[in-house]
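Take this structure first; my questions come after.
Chain lettering (A, B, C and D) follows the sequence in which the chains are written, and residue indices restart at 1 in each chain.
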Amino acid sequence: MTPEGPYPPMDDDHFHDECGVFGIFGSPDAAAHTALGLHALQHRGQEAAGIVVFNGEHFQSHRALGKVGDKFGKQAIIDRLKSKMAIGHVRYSTTGEALFRNIQPLFADFEFGGLSIAHNGNLTNSYVMRRQLIRQGAIFQSTSDTETIIHLVARNDYPKVIDRLIYALQQVTGAYSLVALTREKLIGVRDPRGVRPLSLGRLGDAYILASESCAFDIIGAQFVRDIDPGEMVIIDRKDGRIRLRTHKPFQSQAHRFCIFEYIYFARPDTRLEGRSVYEVRKEIGRELARECRAKGIVADMIVPVPDSGVPSALGFAEEARTPFELGIIRNHYVGRTFIEPSSNIRHLGVKLKHNANAEIIKGKKIILVDDSIVRGTTSQKIIEMVRQAGATEVHMCIASPPTTNPCFYGIDTPTRSELLAANYDIEDTATQIGADSLTHISLDGLYKACGEPGRDIETPAYCDACFTGDYPIPLVDHEDGGPPAQLSLLNEQGIF
Amino acid sequence: MTPEGPYPPMDDDHFHDECGVFGIFGSPDAAAHTALGLHALQHRGQEAAGIVVFNGEHFQSHRALGKVGDKFGKQAIIDRLKSKMAIGHVRYSTTGEALFRNIQPLFADFEFGGLSIAHNGNLTNSYVMRRQLIRQGAIFQSTSDTETIIHLVARNDYPKVIDRLIYALQQVTGAYSLVALTREKLIGVRDPRGVRPLSLGRLGDAYILASESCAFDIIGAQFVRDIDPGEMVIIDRKDGRIRLRTHKPFQSQAHRFCIFEYIYFARPDTRLEGRSVYEVRKEIGRELARECRAKGIVADMIVPVPDSGVPSALGFAEEARTPFELGIIRNHYVGRTFIEPSSNIRHLGVKLKHNANAEIIKGKKIILVDDSIVRGTTSQKIIEMVRQAGATEVHMCIASPPTTNPCFYGIDTPTRSELLAANYDIEDTATQIGADSLTHISLDGLYKACGEPGRDIETPAYCDACFTGDYPIPLVDHEDGGPPAQLSLLNEQGIF
Amino acid sequence: MTPEGPYPPMDDDHFHDECGVFGIFGSPDAAAHTALGLHALQHRGQEAAGIVVFNGEHFQSHRALGKVGDKFGKQAIIDRLKSKMAIGHVRYSTTGEALFRNIQPLFADFEFGGLSIAHNGNLTNSYVMRRQLIRQGAIFQSTSDTETIIHLVARNDYPKVIDRLIYALQQVTGAYSLVALTREKLIGVRDPRGVRPLSLGRLGDAYILASESCAFDIIGAQFVRDIDPGEMVIIDRKDGRIRLRTHKPFQSQAHRFCIFEYIYFARPDTRLEGRSVYEVRKEIGRELARECRAKGIVADMIVPVPDSGVPSALGFAEEARTPFELGIIRNHYVGRTFIEPSSNIRHLGVKLKHNANAEIIKGKKIILVDDSIVRGTTSQKIIEMVRQAGATEVHMCIASPPTTNPCFYGIDTPTRSELLAANYDIEDTATQIGADSLTHISLDGLYKACGEPGRDIETPAYCDACFTGDYPIPLVDHEDGGPPAQLSLLNEQGIF
Amino acid sequence: MTPEGPYPPMDDDHFHDECGVFGIFGSPDAAAHTALGLHALQHRGQEAAGIVVFNGEHFQSHRALGKVGDKFGKQAIIDRLKSKMAIGHVRYSTTGEALFRNIQPLFADFEFGGLSIAHNGNLTNSYVMRRQLIRQGAIFQSTSDTETIIHLVARNDYPKVIDRLIYALQQVTGAYSLVALTREKLIGVRDPRGVRPLSLGRLGDAYILASESCAFDIIGAQFVRDIDPGEMVIIDRKDGRIRLRTHKPFQSQAHRFCIFEYIYFARPDTRLEGRSVYEVRKEIGRELARECRAKGIVADMIVPVPDSGVPSALGFAEEARTPFELGIIRNHYVGRTFIEPSSNIRHLGVKLKHNANAEIIKGKKIILVDDSIVRGTTSQKIIEMVRQAGATEVHMCIASPPTTNPCFYGIDTPTRSELLAANYDIEDTATQIGADSLTHISLDGLYKACGEPGRDIETPAYCDACFTGDYPIPLVDHEDGGPPAQLSLLNEQGIF
């Protein structure tokens, strides 16, 4: 019953994107397209998914814990959701919460009709607003910050839903890319800083909104453009034709797109803010190779930590003119639970997912390329594994700067005390993970790989708070002391 | 996934109680006692159950579709709910609703702390109030009328929860027996008419509230008294001792306890309003026997339709000095679904649950005793079955007057057009069900069996609207046109 | 996963029939009729059921753990089993065995075609035969003694399956009522002593075999006659017409039908060996009343322990001219598991299923009537419960003699050391269970109620080994030392 | 309930290995090690798995449909299987069979004690033997050919189990790598041709047998050597020490290891017959590049069809000095079922698993490298997808010769009529799949990549029947007309 992450915690040492969103207006297969789009966005949230449609008469919804392909694949489900407009959401949830209530899209009945909302991101003043709303008699059913937006929509007197939504979003701070569905409209909004991605696509007459462009590809739709930071698009039908209108209801602010989307979160076949994610990753690898060369690091082969390290390792190998080899093989059949290792069976976690390709790396000096280090647990086990397989030197090269700060903008990160780089310097970290050397790409090198001349300290082009602690959006709740006690008042279980 | 009733619809021809409630304060085994109490009340609602506890720090909840014994029996569940105060609810739900959201007790976070409510009954102005609340920005998550009460509690400024609850209940009309739990108090309330039952019990220092006294017996508690119509009891701890205070916050009204609780809903081992249900049923049987004798109906044996017809058949046989025989045997292993009969296999439904004891009834004149007739489908099949088994005469005697009107006070009844007695007179009904004669107890006879001299037309002692159409509480929603359209706006499915 | 009995072990103090069988030949709805017949026989085995059909081309099977109504009710299952000939089986299984493999009917491919067998009873030389067969190279897949018969069929050279089956049955000893299905025939056999029941019914042209006649009633079939002890009936089609032939392939032996079928196992609406089970039970009650009267036992009311004590209590009350009252109420919603009582919650078991009707029994002398006492645990708790409810005297009257010996003929009984009556005399037992007096019907009284003048010591009419230790069929395995070690060699789990 | 393959049939165009085996003797964690070993071998069979252990007293077994990581990961399961000797099996099963009965390891009770067997491969005279055994009275419970071996073991008089097993294997023909467990011994056998792999490993004192060496790595064991074709190894304990003895009980035959294990079945990190699978695959890529160069095929980039085409694409890119690019991205979240495409949603299948990386391949000439083509359906869709993404030329290069013949040695292959290469020549195939050119590596090229000078027509070093139709082991059943009718006599379903 308790849903678990796709991999056992012990060997999953990554930041996690918490959500992906999708919306479509004007397709006769809106629900099927949404299910497919969510499938393409599954890497942004593996634990739960939901679709809400309006079929001309009623709103219909299907929400489930589990993968889209497992829980939304049946024809009967798609048939029940038959409609021309739909929004959907995939979600990575943290344990301990009342899981089902939090699965988006959320929905509420209003006097003017129903409204359904799903978002990717995190409000930074959600609890402060929540407290205020509860004081005014609002009753919260979830711990999701999307519900805060819904109550703000409910509690104002604008006659039009768009104005109510604008009003609501003006009260909140945070990072969000949001899709909403009324009886007549599909709405997309990106926060003024544009931290999280949202793109516009087209399939015939239909418009599509999705966190990443790979969700367009799966249904044969065309990428049109990114939604701008602070932009609200409204898609509806006027005189029988589908139209898209755009607003900029917020005060303009400097853009700060999340640079970690390029490093790890997005799929390599996605295009974000005008750049191919795959190409950026390869370029990060090339830049990293140049920085390593400057440090005098050489090896017999470049070995990616699969799968996320592969594109940067390819770029690295190209630049370093060193053979690229699959020195670590990944087992894709990892189950939900596996035997907890007894004292006799140590360091098992990593081997459930990875194996050293001993025939290749035996007696070799290798450069391992990975995208990031969070707690360092996986890195340590992988290095131990490749050494046992006979590697004579192991140099760890990381396609991101040291992650020293947690994210408050919609990414699941450990607390600062658990972040290896927040507590140790590079040399100590190298010792801790057992590497002969450890190289992170420099912050400027990373910006260069993203097409900038380097990081402009005054107005950095990206949100890089996890590396720098420079948070572009105020952390209102955090400074207020975090989630209030009563949020966890009701710890619910059950159902079947 | 779709939960079904305990018996296939085809052979289930009864009104159904929709709920049972239980609450306990001051027991170290509060959750276990609540689970047991709900098990004893299972006949009041077989489809879902829920328990909410406050453990001194947090509210914890477990809700499930299914039977209490199946879904709340595991030690791990009870351990998670470890506490000294708890409320619980069993529920019979009608299909098509978003089932899980409606399982009680409902819970809400308030500024002053959490509040959980469960009730047995039905508000008759729920939708009218709901519409008004939505207009004011309230967001409803269920279609349960309990949520209307919760929003009314949320939207007033009384500093004390008791005053807020009183205010809320003053806004609603309807029949309800309600239990509520705050961080410090267990509260019990019965509507001013006292339509639905609620009793007070005691186990050591602990106080208990339950729909029926049989829920006290299972945990070894003592019956103390019925909660009065219009009474609110508040149980909490003062200076280390458990105390019970009582209020009468509503304008006094003539009491109208549901007379059908005596006929069918309550368990025979329960005591209601000072009377043993079993004794009342036997007395109804005796009264019915006298009325039948007056009509000249005689037989070789009295046969109950098991199990609900047994006590009145015993009384009947005693008064008629005619042998009581188990001429119909019940199979208790009826599953959730069974083969729909093809045209070759007719009248199967009733045989899944009942079989004629042919050796006994062959060649005999029999009087069948049943508690009530709703649609008449079961009666027809049972009479056909006993005739095929060789009974020469079949006289049907019913321990209630003809049911001609639906209930709006918390009982699941068919619409008027489906009620056999609302559409046919006694003689036509007898023909329709194939009986040689059909006798319903008279309304006065029924009142006599309940200890009254007869039915006082001006101020009847009981609610008997299903027999008379005399509804003691205004049917506000019903006259307003029933549930509003948007109630069914979101048709949700999914989860696992 | 581990299926459990219908009631928690703590309050289930009965011998259990281990099986029921059903077979039908010549009905276009053979599978549906079999499912219904098994539903009517569910009381003979609640834990697993199976159906095998031959559809003219293939044998098809469906087997499941659980109730017939839950697991065979879906149209899709019945459609897949579409056929004109079928056999079925319900089973009560003891824990620890490889459950699924043992669900009957068993099936085997032979050179001459498939054969499927199901039986009710127990072979008393099964393990001895099994050891011999394994030595000859037979490979057993279950621990069921039915498989022994199947291997014996496989290992002989008779060209006809009937001759092979006769040969096989001639090698075994034990009590069995067996149904078998080949590509062309339905076969029914009863062991030479006729310990377990088997009856023949007819529905149109179709022939039916069933453990009890109540299985005919549910499908509208007529009871024809009991199969004789030692009789084999063969039903097949000849020249387009269905015919039934009968054989007596075994040496004739005195009949010894199980007398406990009358006392408890069979349904009251069944007819066995020419007698109505309900009538026998009432007569046992009358006889018991006479024996009690002789002892001077009187009371204010007769209270049955529901449900099995009801018919004898009715007979008792009639004979004793004492009111029959439902002083104990049964809760039919008992789930599969329930909270294990902590030390604070004692004697809970019995209350999950029963409650004293305190309003009725308070201040009264009562006679409790039950069918039997096995370990005595339930009796003790029930007596304690009725005393707590205010009964002033409690006399326990039992509709069977003391059960002092285990059964080896297909009934699940505890070992001798657990049988209360095997270890204590009547007076000590009365003290142990807390009764003011304890009366068992005498052995002669029981025989009288069954239409005999009394028990003929030389040639008793019934098998009454559980009361007398007089085992009519040799206990070969038992004397050989019981099941061999290798039977439990493979302890299997898993599947889903 | 019906288990399905890991991918929807529509986009799964590969031969499938049907099994993997594992055995261990002398480890205190035998069951945990076996579960881990099977997890490492999961690619050889994803649909069911089983483990049998002998714990010194009893054989214990756990079998399940599903993935090892999902179904064998719980500590409680491993604890129940606590032992020092174990065998295990993973299985890819074809639909329509009585699934559960066929899950290996199979087990049988013998006079001398239990024997459990699991094998990877296929007997080619299984049905002929089966028919003969049934005629002699053997009763089969599965359709697995392993059961044929078990019956042959049962039906001979050798006093020692090893001699019985040798006798049994001398009666059968086919390809098999087998592990067996008795109360005292772990046995491993490879068929005389050595078609399927089996390796020996060591962990401390314990010996291990596994289909592939990657199963040693996961538990930290050392690869010792391949078991020889026709070799039987017997591992037991003598005077307290673990010993390994070896036999060659069969007439010596020329070895014919399956060359397709190198191409696709085995994991790249496995070592087979003295060669690294990864290195062979890269060498095949290099050889293929040379053959393409000779044909004048050039491109801007080498794109692997992930994941199986990656190693040969790396070798190809290296030899062709052309950039290797991830032009196709794989989605690893493919669920068990997904929406069947309506006519509006065409060619969906492949996109559930793959997406073209359009930013990279737009406007480019590409060489796609894949391991094999079976039906050609996936190739066609992938080529269409990359063209739609903007590739200007698409050359398909395949790391195996055309597959023109089905396999009868333990690999799941379509019938000849479904094999694209059996029905079209290269040019027509290229047209059919839409490629600008199609190049398969030559048979000699493949042998060269495997270290041979080329294919020796007289005594080829490998079994290459799928390319050549040269079947080294007689196809007895096949020539006899295939599986007999009665194999499918009992079509069983049910359980839960």
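In this text, contacts are C-beta pairs under 8 Å (C-beta built on N, C-alpha and C of every residue); 3 or more make two chains touch, one makes a residue touch a chain.
Bear in mind the structure is a predicted one, so any value in this text is a computation, not a measurement.
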Item to complete: Any chance you could name the chains that touch chain A and chain B both?
Response: none
Practice prompt. Have a look at where chain B meets chain C and say same if over half of the interface residue numbers show up on both copies, different if under half do.
Written response: same
Discussion item. With centres defined by CA atoms only, which chain is the most remote from chain B?
Written reply: D
Item to complete: Indicate the whole-number Å distance between the mean C-alpha point of chain B and the mean C-alpha point of chain C.
Response: 36
Practice prompt. With chain centres taken as the means of their Cα atoms, state the distance from chain A to chain C in Å.
Written response: 61
Discussion item. On a C-alpha centroid basis, what's the spacing between chain C and chain D, in Å?
Written reply: 50
Worksheet entry | Touching two or more other chains - residue numbers and ranges from chain A | 71
Worksheet item: Can you list the residues on chain D that touch chain A in the complex?
Response: 28-29, 32-33, 35-36, 39-40, 42-43, 46, 67-75, 78, 214, 217-220, 267-269, 271, 276, 278-279, 307, 310-311, 314, 318, 323-326, 329, 331-340, 342, 344-345, 348, 351-352, 355-360, 388-389
Worksheet entry | chain B - residues contacting chain A, complex | 50, 52, 58-66, 71, 77, 80, 100, 107-111, 113-114, 134-135, 137-141, 150-151, 154-156, 486-496
